[in-house]
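Got a structure for you, questions after.
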Amino acid sequence: MTDHLLEVRNLSVRFHTAAGIVDAVRNVSWHLDRGETLAILGESGSGKSVSASAIMNLIDIPPGEITSGEILFDGNDLLQQTAEERRQVNGKRIAMIFQDPLSHLNPVYPVGWQIAETMRVHGKDPAEANARALDLVRRVGLPNPQQALEKYPHQFSGGQRQRIMIAMALALKPDILIADEPTTALDVTVQAEVLALLEELQAETGMGLLLITHDLGVVAETADRVVVMNRGEIVETGPASEVYHNPRDPYTRRLIAAAPGKGEMRDGNSQGKPLLEMKGVEKAFGSFQALKGVDLTVFPGETVAIVGESGSGKSTLVKTLVRLIEPTAGQATWNGRDLFAMSLKEMRPVRRDIQMVFQDPTQSLNPRMTIFEVISEAWRIHKDVVPRAQWRTRVAELLTQVGLLPDHARRYPHQFSGGQRQRIAIARALALEPKLIVCDEAVSALDVSIQAQVIALLDRLRRDLGIAFIFIAHDLPVVRDFADHVLVMQSGAVVEKGTTREIFENPKSLYTKTLLASGLDPDPEVQAKRRAERKELVDA
Amino acid sequence: MTETVESSQTPVLAEDEKNPVARLLGMLWRDKFALCAALFILLMVLCAVFGPLLLGDAASHQNLRGRNAPPFSWSNGWLFILGADALGRPLLARIVVAAQNTMMVASGAVACSMIIGTALGMIAGYASRRVGEAIMRLADVIMSFPSLLLAVIVLYVFAPSVGNLIVVLAITRIPVYLRTSRAEVLEVRERMFVQAAQVMGASTGRIVFCHILPVIMPTIVTIATLDFAFVMLAESSLSFLGIGIQSPEITWGLMVSQGRSYLVHAWWLSFWPGLAIILTTLSLNLLSNWLRIALDPVQRWRLEIGGKSND
Amino acid sequence: KDSKDVTIVLSENVDMLDPCMSTRSNIGRVILENISETLTELDVRGDKGVMPRLAKSWEEVNDTTWRFHLREGVKFSDGSAFDAQDVKHSFERTFSDKNSCEVSRYFGGIKVTPKIIDEHTIDFTTDPAQPILPLMMSLLTIVPSDTPMEFTRNPVGTGPYKLTEWKPGQQIVLTRRDDYWGKKPAVEQATYVSREDSTVRAAMVAKGEADIAPLIAMQDATDPKMDIAYPNSETFYLRIDNAMAPLNDKRVREALNLAVDRDAFIGTLLPKGVQKATAIVPPTTLGWNPDIKVPAYDPDKAKKLLAEAKADGVPVDTQITLVGRTDNFPNVTEVLEALRAMYEDVGLNVKLKMYEVAEFENNYSKPYPENRGPQLVAAQHDNGRGDPVFSMYFKYDSKGRQSGISDPHVDDLIARATAATGDERKKLWSELFAYLHDDVVADVLLFHMVGFARVNPRIDFTPTIATNSQLQLSEIGFK
Amino acid sequence: MSRLFRQRAVTSLFSLLGLIVLVFFLSRLTGDPTSLFLPIDATDAMRENFRELHGLNDPLLLQFWHYIVDLTHLDFGESIRKARPAIDVVIEAFGWTFQLAIMTMALVAFCAIVLGSIAAFRVGGKFDRLVSLVSLIGASAPDFWIAIVAIVIFSINIGWLPTSGTGSIAHWILPIAVLFIRPFGLILQVVRGSMISALGSAYVKTAKAKGVKNTPIIFVHTLRNAMLPVITVMGDQAAALLNGAVVVETIFGFPGVGKLMIDSILQRDFNVILAAIMVTALAIFIMNLLIDVAYLFLDPRIRY
């Protein structure tokens, strides 16, 4: 009947909430063949992760409910199988990389243990499992693999955690890999390695890859076919280049048109007194030197982007700025005062002016607060910002600005998709109208159309209100469009800094050059060409 | 969704249709166990408030010749349906009347120890190492200080009174709340949303009360509900020393312990008050379990969409 | 089970086993006349009075000197022979300031000097004269002369048993001696354990884990085949603080007596066997006065008396505190609650306060608390020793430690009776009892109490009034 | 870690000292052992002699000084009641209590964790309701009920077990069973609650996606995350047991430290009170230290 490896037919998923029923996925059908890569593109919140969860039997029922459909794997309907049969499939035949690695890793077990567990539960001998775990960790490019196995999730950077998830999913060489935004937190060089690894596996085992992503470049690089989703429905499907070049659905068209990296580059417009000057910031975790003397200057109304290797200390740097991590050395001058020298109490009034969007937004939202409470908390703390009577309108306004609905204010964080949560975190940062916003991968989980909208919003705020941004991103085209200055980091040190134009047009350091060269183009044909060139290079 | 943005009308967030109390009651209605528990507690509170007024006399009228009258006999009137105690007083009336003192002492002691213990524990977990260490060692000391000795000291140094009884009981129970809340704070304070609040400039008080407390509260309340039973029973052993409640004032704990010597031959003397203690504790615990779910947004659907469960 | 071993389950842990502490009931039950013997012994089963034990005989040499002739051929369990030196040492040890032996209290106010006449004869000179010295000698346990003055944990005596094992808190084992001077008792070995809970003690005998439980609560004494009631020499009474208004008015004190429905307690809160008391000592005591009548239950008269007193300006509405001791005897709280209710019924304002031992003691013994207010102290007094002298001074003399009255006539009678002998002594005591009860109305005398013992049917043992303080294994037989 | 130990040793020493001072002076405020040791009709001379003998006539500070000096020679003084070294009395009793506490807690930990976790996994289900109900009734029922009913049933009616006392293994069964009940109920509830929260975490989904069976999901993945409050409350209950289980010791005639402590307090046997408190305090301090170390092992994010 079916010769597809995996076929989803008429899948509908809905959630019961206090505010009513949310139809997350509506009548979705697609299929995946052996050795094929199917990319699911779509608006943030369009039901991509939910349909993937349905395949893995991970939807909480209730409050979730699969109202219709079947998921055929090997000719069997997964939805009809017993829990035990599903368990046999999960991890071994079908594996999944979760969108949000921090909360999906068990905080109290070493990552090596967690990777090896996948193999142990499916009957691999523990010693063998450990050896393979080590190999996997090495393959995904974690430094010091042997030590990494012993460490706990919180001791890794965002990108490193994502790679751990990948290693975990690849452990048993599954028939199908569902990768939900597997490379959002990876810099382009590492991303290239990881994609290569996937490709290699695919070639080796004929693995089917279901790739959920926002990054058109990644789609162009890897996907054979594309499914585009919007508001829980499939709006378009077809071969990758076909969809890119001849999009039929208006949403798809908008999406492709929104691909970043086409705007004017900026030369930097630093004027007046610097808002923030960080000098010689160092941080050591035990014997590991995460920051080795980093300088950073931000002027009012300016965007400084930090790009660089995953694990190079970007998040650490900004966390020292907001004093979540105490630096080992260095100073940060803000309004003439050294932030690092302040007591936490003195720091409090300053915090109003420096807001941060965390790299893992899910964990940064209190699960017991509604979105309204999450956002309005800022005004509860700093009473003079918005008068209480206007909270409702202001929350609604902020949510709308980041592309959410006012009604969402009544929901709780767990009822949102990854990208939606990221936008909530942005809205929260905006709520205080600070002088400086630190965005740690703030737009990485957004599809390009929403991304463009958010970036436009931020840019407008920058211009109108003079808000400065520290913008950590791996997505070079976004940086190119948005930043005034760029700082390139590697292994805890700044390897290069300059205006956006300088960096993009005239990179000096080797690392920057590699970085720029590894960037992916959203056009599948361009990518195909590049791939062919690379292959020649390797062969030669 | 994108459309919503472009249509540049001022967005509005409608007022919530239902007020939170009505929603909570709705959730209570859906959990029949919790509903019964709530009704029972309500009944006990009514007993505590009006019992002594209504049945005070009946409860203290002695009749030595009708002592230890067995339960379930209508011959003496409905007040004697649960039997009579060693002085021939109707047990039912006494239980109703005793509810007042019992509730006062138990809720006083539990509330004090819970509030003080939790507050200290959160300080110990969140404040500087030095302060935390000092508080914890203090907890160690309290933990090793026998409650009976404390009671005897209070008896001798201060006047015996109900207030002092509550103090003694409360002090001895402080360490468990203190240590539990501290342990939880140590973990919760590492969570990212706490850090996010910190970055927003939230004061320590706000972080502790709005972010950490809601996470640790369910555990604390669970312990507190069971402490209710513990305190009710422990109180009678302190009355033995002469502090606190004295006859003819009465509590359930005292009734239970006075019935102790009759346990084998007139079980009803201590059984009914004991049952009252058990049912109260059980109800409180059911309510706390319900509250745990009702206040946890991730779990709340269990109460919102009817009694379906996932097993 | 043919074993000749018995297990006795006591109600309190035995902390010490020093022979000079054997007037404590739990220690006495183990030691007295089992391990350690006394010169004389009070007959509690018959009416032979003071009987010889380690002393063969005694006589009054003069007014102040008693001579005791000691039994010969008696050996201590450590092998040494018993002689006058041991008696002298035991006596001196009791009064030594290196320990705090209890027995010495019975000799309070009297100076006694032992003098060895020969190996088996000893004289005691007393100052002042002590007519009942032979009775008092039934309390003095004899230890070998090499026993240290400090408390010992290894009691050695001349008794029919010796201590063979003592695991504190767990058990004490006594084994029969083959070289005992007297008749060989039937029991070969006795194990003492202790359980504080009466129900458990009763259960142990019922199950056969123990043979004798000398003390169980009334509620647990449900099996007539095993449970035996015996007068336990305790008298339950309310001491009235005669110095405090309104209790300093005799009419009020009378009302306190009339308001109590004594019969209502018997067979309900207290066992059937209790006797209404007219004196603080049980009827088996010398000089007990059969002519004194128990006050009748007459609440109307009580009310009338109170009204009269009130009319005379006596503040009868003052709150009176009824002080009791928790765990004094089973049901004590209920009994006092019932009493309180009876007093309320006649219009008195009585508040009940139950205390643990130490705090109770503060109220019970002088010096009484400063601002105590009018008090009724509910207490039990134990005198199974046959003579009122062990009670009267403490309870009724103006200077008595637990006296609630101050009456020169009483003081005089006590002093004279203490020094008198024979019928004169008896007469004086009788007079004192009548005077206290009818003229002074010193207190509310309530009941002579009974205890219950549970005895395994295979055992032949009848408890007596002495069972409260001793339990002679030699009195146990097997059926 | 070794820093933690060293630092704790120092601070605990202060706690212990503070405890000694507190207990020494406060307990002496509660009256004089003289009238409790001596019979009611003791003479004044006997009372005076007794006070002299036990140094009760000295000024309090001097008494304290003597006590501390003796303590430095590990001399804890004599028990007034028992006329033997207080520390011997305490060590003897503590041995029993310690064994009882360890065995009970081990059993409690095992049963409460297993049943509580399963109940949490099936929250709202029949098993959950049943286990919760039984444990809650147990935890709130007066302990002497359970003790006496157990004796009546198991010793008298069925006759399997001895009523009370010590000696054989069978003697341990009822005391442990009775002691088991309250901590079991309490800890089960804590486990259940903590597990309900933890089971909602995202890493549970990861484990499911890996194909991990329910049992390891509950007992390996989730339990460790839920353990913090559990071991804390276990510590509290263990401390209560180490302080002695008065009812059980009284009813079953178990020579433990709880009854000893109560008796000593009621009799104002100060040296025994102090020695008993020091020994139990030491045990409790060590236990709390172990619990704090356990936190570090259970959750690597925790730092002090």
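Just so it is clear, A, B, C and D label the chains in written order, and each chain counts residues from 1 on its own.
The rule we apply is simple: a residue touches a chain if its C-beta (ideal position, glycine included) is under 8 Å from a C-beta of that chain, and two chains touch if they have at least 3 such contacts.
Since we're looking at a predicted model, the values are computed, not measured.
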Problem - Partner chains shared by chain C and chain D (touch criterion as defined above) - result: B
Exercise for the section: Between A-B and B-D, name the chain pair that shares the greater number of C-beta pairs in contact. Expected result: B-D
Handout entry: Distance from chain B to chain A - Cα centre to Cα centre, in angstrom
Key = 46
Practice task
Provide the C-alpha centroid distance between chain B and chain D, rounded to the nearest whole angstrom.
Solution key: 22
Handout entry: Whole-Å gap between the CA centroids of chain A and chain C
Key = 88
Fill in the blank from the handout: Cα centre of chain A to Cα centre of chain D, whole Å, reads 50
Handout entry: Residue numbers of chain D (touch at least two other chains)
Key = 30-31, 144, 148, 152, 266, 299, 301
Completion exercise
Among all residues of chain A, those touching at least two other chains are 154
Handout entry: chain C, residues touching no fewer than two other chains
Key = 199, 356, 358-359
Practice task
Between the chains shown, work out who touches whom and classify the graph as line, ring, star, complete or other.
Solution key: other
Fill in the blank from the handout: Touching pairs here come out as A-B, A-D, B-C, B-D, C-D
Fill in the blank from the handout: The residues of chain C that touch chain B in their complex are 198-199, 217, 219-220, 222, 261, 264-265, 268-269, 326-327, 330-331, 333-334, 336-338, 340-341, 352-356, 358-359
Exercise for the section: Would you pull the chain B residues touching chain D in the complex into a rising list? Expected result: 33, 129, 132-133, 136-138, 140-141, 143-146, 148-149, 152-153, 155-157, 175-176, 179-180, 183-184, 186-187, 190, 216, 218-219, 222-223, 225-226, 228-230, 233, 256-257, 260, 263-264, 270, 274, 277-278, 281-282, 285, 289, 292-293, 296, 298-299, 302, 307, 309, 311
Handout entry: Interfacial residue positions of chain A with respect to chain B in the complex
Key = 16-18, 43, 45, 60-63, 102, 154, 231, 254, 322, 324, 348-352, 354-356, 358, 360, 363-368, 370, 372, 377-378, 380-382, 392-393, 395-397, 399-401, 403-407, 409-410, 412, 414, 428, 432, 449-450, 453
Problem - Touch list for chain A against partner chain D, complex - result: 53, 56-58, 87-92, 95-96, 98, 100, 103-109, 117-118, 121-122, 152, 154, 168, 362
Handout entry: Contact footprint of chain D on chain C as seen in their complex
Key = 13, 15-16, 18, 23-24, 97-100, 102, 104-105, 108-109, 150-151, 153, 168-170, 193-197, 199-200, 203-204, 206-207, 209, 356-359, 361-362, 364-365, 390, 394, 401-402
